[in-house]
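Labels run A, B, C and D following the written order; every chain starts at residue 1.
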Amino acid sequence: MDFAPDTTTRDITDRVRDFLADEVLPAEPVLAAQVAATPGDWSFRPVVRDLQAAARGRGLWNLFLPPGGPDGPGGLAAERGGGLTNLQYAPVAELTGYSPKLAPVAMNCAAPDTGNMELLAHFATPQQRERWLDPLLEGEQRSAFCMTEPAVASSDATNIATRIVRDGDEYVVTGRKWFATGAMNPDCGLLVVMGKTDPGAARHRQQSMVLVPRDTPGVTVVRGLTVLGYDDRDHGGHAEIVFDDVRVPASALLGGEGEGFAMAQARLGPGRIHHCMRALGTAERALDLVRERAADRVAFGAPLADQGVVREWVATSRIEIESLRLLVLKTAWLMDTVGNKAAMTEIQAIKIAVPRAVGQILDRAVQVFGAAGVSGDHPLAELLAGVRTLRLADGPDEVHLASLGRAELRRRAPYLARVAPELSTVEGDPT
Amino acid sequence: MDFAPDTTTRDITDRVRDFLADEVLPAEPVLAAQVAATPGDWSFRPVVRDLQAAARGRGLWNLFLPPGGPDGPGGLAAERGGGLTNLQYAPVAELTGYSPKLAPVAMNCAAPDTGNMELLAHFATPQQRERWLDPLLEGEQRSAFCMTEPAVASSDATNIATRIVRDGDEYVVTGRKWFATGAMNPDCGLLVVMGKTDPGAARHRQQSMVLVPRDTPGVTVVRGLTVLGYDDRDHGGHAEIVFDDVRVPASALLGGEGEGFAMAQARLGPGRIHHCMRALGTAERALDLVRERAADRVAFGAPLADQGVVREWVATSRIEIESLRLLVLKTAWLMDTVGNKAAMTEIQAIKIAVPRAVGQILDRAVQVFGAAGVSGDHPLAELLAGVRTLRLADGPDEVHLASLGRAELRRRAPYLARVAPELSTVEGDPT
Amino acid sequence: MDFAPDTTTRDITDRVRDFLADEVLPAEPVLAAQVAATPGDWSFRPVVRDLQAAARGRGLWNLFLPPGGPDGPGGLAAERGGGLTNLQYAPVAELTGYSPKLAPVAMNCAAPDTGNMELLAHFATPQQRERWLDPLLEGEQRSAFCMTEPAVASSDATNIATRIVRDGDEYVVTGRKWFATGAMNPDCGLLVVMGKTDPGAARHRQQSMVLVPRDTPGVTVVRGLTVLGYDDRDHGGHAEIVFDDVRVPASALLGGEGEGFAMAQARLGPGRIHHCMRALGTAERALDLVRERAADRVAFGAPLADQGVVREWVATSRIEIESLRLLVLKTAWLMDTVGNKAAMTEIQAIKIAVPRAVGQILDRAVQVFGAAGVSGDHPLAELLAGVRTLRLADGPDEVHLASLGRAELRRRAPYLARVAPELSTVEGDPT
Amino acid sequence: MDFAPDTTTRDITDRVRDFLADEVLPAEPVLAAQVAATPGDWSFRPVVRDLQAAARGRGLWNLFLPPGGPDGPGGLAAERGGGLTNLQYAPVAELTGYSPKLAPVAMNCAAPDTGNMELLAHFATPQQRERWLDPLLEGEQRSAFCMTEPAVASSDATNIATRIVRDGDEYVVTGRKWFATGAMNPDCGLLVVMGKTDPGAARHRQQSMVLVPRDTPGVTVVRGLTVLGYDDRDHGGHAEIVFDDVRVPASALLGGEGEGFAMAQARLGPGRIHHCMRALGTAERALDLVRERAADRVAFGAPLADQGVVREWVATSRIEIESLRLLVLKTAWLMDTVGNKAAMTEIQAIKIAVPRAVGQILDRAVQVFGAAGVSGDHPLAELLAGVRTLRLADGPDEVHLASLGRAELRRRAPYLARVAPELSTVEGDPT
């Protein structure tokens, strides 16, 4: 066991750190100004494009892309910019969470595109890859993932009501989706749509995915939703989309019929790691802000930094960050060494624990900032809203807690019988 | 001791309940539509004016106004619509919190006007009352309270940097305020401004208040601030205001020089009761929403209402509401019987405990609603933002906790020596 | 609504307060010395008998006994010492919790005898009352309630395995009970035993109760159990008891066959009030101890009372006590005015909330005391153990949370339709 | 970064696991019986001696002993049984926490002897080592650490009141200590006593340590203290000891005058790791117990394992264990690679976080067990008491939280400037 990062990690994180300090942080007020100047605009503002160019120039592009994939070891990744293991990428993702509105997209490492690119890299046909994956890897286009539905509890995939019906050489898609993040962005060309091809099949074989061009007739992007008051207009928002008798060729099916659930699970594993790491970077941002504020702000005769309650908050936050970071890193390592499926328990664990803890850390930071903390003048309020949403994204915490608890209660090998103590012997349920 | 509400309370709450059911709740979607149709508008929309007329017609106007006041018992109140004790008004305020964007303003019982009207009723000269109080009581005008400043920790009143300097027959006001709730509303004519007239005086004698017409030269309403993403554009927002060499006649002073702190304290007592009661009504709204959702929504084979965790949440929420409601009611009763100053400990207690608990109740409700819970389609997200802000309004919780704890640790009479067990023997610090 | 205690309450609490200060608190070290000097002894020590005599002399005897009962209004109570309403008795019970090892038993108001006396007062035949109730009211004998069984989850009454089988003129009792509080005391003559007479009957009609003299052949008091390390040897401990073919005459049946569950429910309502009130008195004791300690103890240059975290703890404790006390008092008032059954929701609410909060209050107090807090030198450790047990007594919190949550989720009348706002419209499940 | 344990760790943990399964767990009821049969006895019972022999036979002896030390790399350790790094020893310590009353002492890895042996290994003269360290390493004798005093807040070392005064060739020790764990054991020959040699020196140079034979005239072992009701009679209890003009030769001084504080700090680092790892093993024991109970116990129609709340508890417990275990392991690794002083922040972090989390895990386990959980029939109650005490041992949590928070607030390097991301840049305060 060794907690020292390897040379690759040190090198890449140093470079990302420089990029953040030199270019991303100074760009934050620029983005704010550009967004303020362009109401009603859901596309990337110029500053994002500038940062993307800078990131590519620094070799910080597509870093999320794991080695290997269908092109063989290193094939796709080496060519496209990636090639880091999950364990190496994790601290990169954390750093991008320090400026979450700019750093991930600047480095072409933003959700939901990363997950969609991974899906395509693993399951797309060569034609599908050429049509969709290449422009995504180049940052020329964006994509959205259409899973959640307004009418049902979508964390239970058997509830999905959208139908994907084979009709001759075509699939016909009918349904209503929402919280399709990024789909308001005019650059978003691809909708990955989850629906049921066979409602009568076994529980986890009913679902399939199709690749639907956003401009297909019958696709209506109804509106942008707000998330705790934010429309996230600066990076494509969250769309409600109606699919009304939408016809795509049979070749638009991703993977095979009935494989939708399994592909969704495969997609979510790395996505959760990324979300969690970014959230930890966000927590570090909050602590940096608190540190500065607490040193300067005086109340009742002393700086806030001298108050016992502030000290206790900061200490608690530090402990939570340090312990959860290690759990995320171990999860990344498990994914690299034993695979996403075997790491299911840990993936669920971080999915539950990190957003909850970071939400608390941000909430305490807001208290330190007083009224400024809930205002738009400091990033805390918007960060808090973003992290709050993670407790619902990919299913509410409670679904994962129940699944993890059930698995733990069924664990067959008692503690003393574990062969490999670094591996959990709980086999997670797919959720 | 008797927990049954009196006849007046039963009667007035029945009437408020009818008003809510008949007119306010149906008006909620109307307000949403009118706001959506009028971007950039910070004034009351027509539906608010309609509801105000209806409320007056039902005799539900100015109910917050306590009996007595400078006009003698019942004088002002009887004439203007009020006359309820704090204990009688408390359940009315709770009911208005069930629809917090409409019910309070419809009944002319919305913050910050209520607090400002109380200030004027207690401390204004006859000329000031005629000029400012009468139109406020008629709902013809709105007002704002300018206390918080961006540059300092304003919960410590000695930090206030705004200066109010006597210059001949005038006062000259200079400073920057923010979070002046309601001040973006064009109907807002009056700014009650707290500043220092004598920075060298004793800690709580440095501050004074002046009544500044919003259109006075030198007053610049800079912008509307957001609160966790919401601009609260439907009821006047939260303004940042610069006072640059603003001159008002000496007669604009409210009360005497050096009495600003004491008047602010007097103003905040009832305000905290009102905030807390409304928050409890909001919590009841959340529980009603959860009850409906949990009955209908099915996940993993059963309605949410059958899931142990949902049951536990709902039970916990119910317990918190019931116990805190009683504490607020007792606080109201203390204010009626022994006065606001003697009720200081209890006022601080509810100020701390209620927003915290209601925030948790709303947060759990959001989890039950999933993605819909953070969206703008259900009221929960905005309610959550509103209640979160209460943990900072009038000073962050931590200031009140420290004050209450200090008082409790200094309490002289041990438990067994208490003469009147219904009265706390802690005398609170002014905060 | 009126939060002032009535004259009776003021008078009786003043007298109880005097009794505590004059006699009970000085007797605490005497009890400790007498217990230390008599290992292996489970009976009342002389100091308890002395205090009982003193309490009777002061008219502080059987105060728990409600007015009315089978003898008509005031009949039994007037004669025996009681006659207080639940609302009047509640602050008395709270005061006794300030010295929970001595004050309740001194005033013949200790569990489980109070509950057993109420059972007998309501359901016993004249012969049963003469035989068992009279000596209990006189304090000449003690009793135990045999409900919990080691082999099953006894909070679900359908799990009860003890059988009570009619055989001619006798009932034959067979089973194993434990946590029969007080049954190690040699003065304990009566065991009230819950068992099943008809396992095939409806869920809540299977159970009956019989009155079993502790010296009946076949009764074996196996051992005294410890509760978090304490054997509670000073007041009769907690016994495991085997009933092996124990024969009692048919006249030993309490109430009718199949009425055991209903009688147990009736018994538990007031018992929960009493437990909760005493727990609040215990919390006040902890705060008094903390206040003294925090004033005197210096660490890192300042008394503990000056530390922010201690202040916050004390403030939080005060808020919890004040709000929960009111909820308990309202519950008592509901029991007096609408009856135990209609107060079910509130009874469950306090049963859940009070031990949890008081446990936290004591836990924080222990931290203030450092190592001394967990030692036997200060009362905190033993008080903590006692309150921890309340989270399990009469069923674990979780059973009550589930029941209360289920009822709340089924509540039919929405908030705005409530006729009598002081009454919960939730009808609790029997648990 | 690599989360796989090395070969040494795998081998040693396999062997410890076998020892636990084969010998320690079967010995638990034997210990209970031997303790029950010998009231008033504070010494090791025969079963402990038998297990010690077995552990030595299996080469599981003194494993806590780090490599190196004053004898050069591997010197002392290789000879005596140890030689594991902190990172290798950590999972061993965790395993011993699965049976904390037997496994640590069986393997001569029990507190406080381990800490005392480390102290002696680092700071003792050859004569002191021969006299005291050798018999301790052989398990022939026990020792106690006399730091905490009843009269002062001992977590602040400047409060220590015990005096160690040089008088010619002797030191004279005067003071009162308590919670000297193990000192009731008649095999305890050595008391390591912390006191002040120079109260006028700098804050952390006032203290020194002397080695006092327990049978020195003037030493009075007053009594055994209880800890939450437990006297821990099976392994030497917790003693109060008076030092009344106790004279030891000058050669009994450990290290130099004024080095007491620094030596205490050095001693506490590894001790905290050990405590935390053992606590995690205890948490695993609780989860194994819960798993078994929840599968078997039926309430309200279903096994406890099917109840949502139980699942959520178990999931939460699993997450806490996994994340905190990693933090402890990283702390061990830091101690191995950069030293105890540089690992101060992490040592404080685990000292705070682990006992708190494990306390919650045990508390939830108690709820699953119902009344049995607080009884002496299952290990949970006693484990809970033990872990609760850890929140006070070596200073209450709050002292460490304040210290960690202060350090974090003073951290100079912002997040983006960190050179070595695996190292915290916070330099802890000595506490």
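Basically, contacts are C-beta pairs under 8 Å (C-beta built on N, C-alpha and C of every residue); 3 or more make two chains touch, one makes a residue touch a chain.
To keep track of the chains, here are their UniProt names: A, B, C, D = Acyl-CoA dehydrogenase.
Because the structure is a prediction, the values reported are computed rather than measured.
Interface comparison, C-D versus A-D: the higher number of contacting C-beta pairs is recorded for A-D. Sharing over half of its contact pairs with A-C by residue number, the repeated interface among B-C, B-D or A-B is B-D.
Per-chain Cα centroids separate subunit A from subunit D by 41 Å. Residue numbers of subunit C whose C-beta contacts span two or more other chains: 307-309, 312, 398, 401-402.
Subunit C meets subunit D in the complex at residues 148, 150, 152-156, 159, 178-179, 225-230, 297-300, 304, 307, 309, 366-367, 370-377, 381-382, 384-385, 388-389, 391-393, 396-399, 401-402.
Against subunit C, in their complex, subunit B makes its touches with residues 1-6, 9-10, 13, 17, 20-21, 87, 91, 95, 98, 284-285, 287-288, 291, 294-295, 305, 308, 310-316, 318-319, 322-324, 326-327, 329-330, 333-334, 337, 345-346, 349, 352-353, 398, 400-406, 408-411, 414-417, 421-422, 424, 426. Residues of subunit D touching subunit B in their complex: 307-309, 312.
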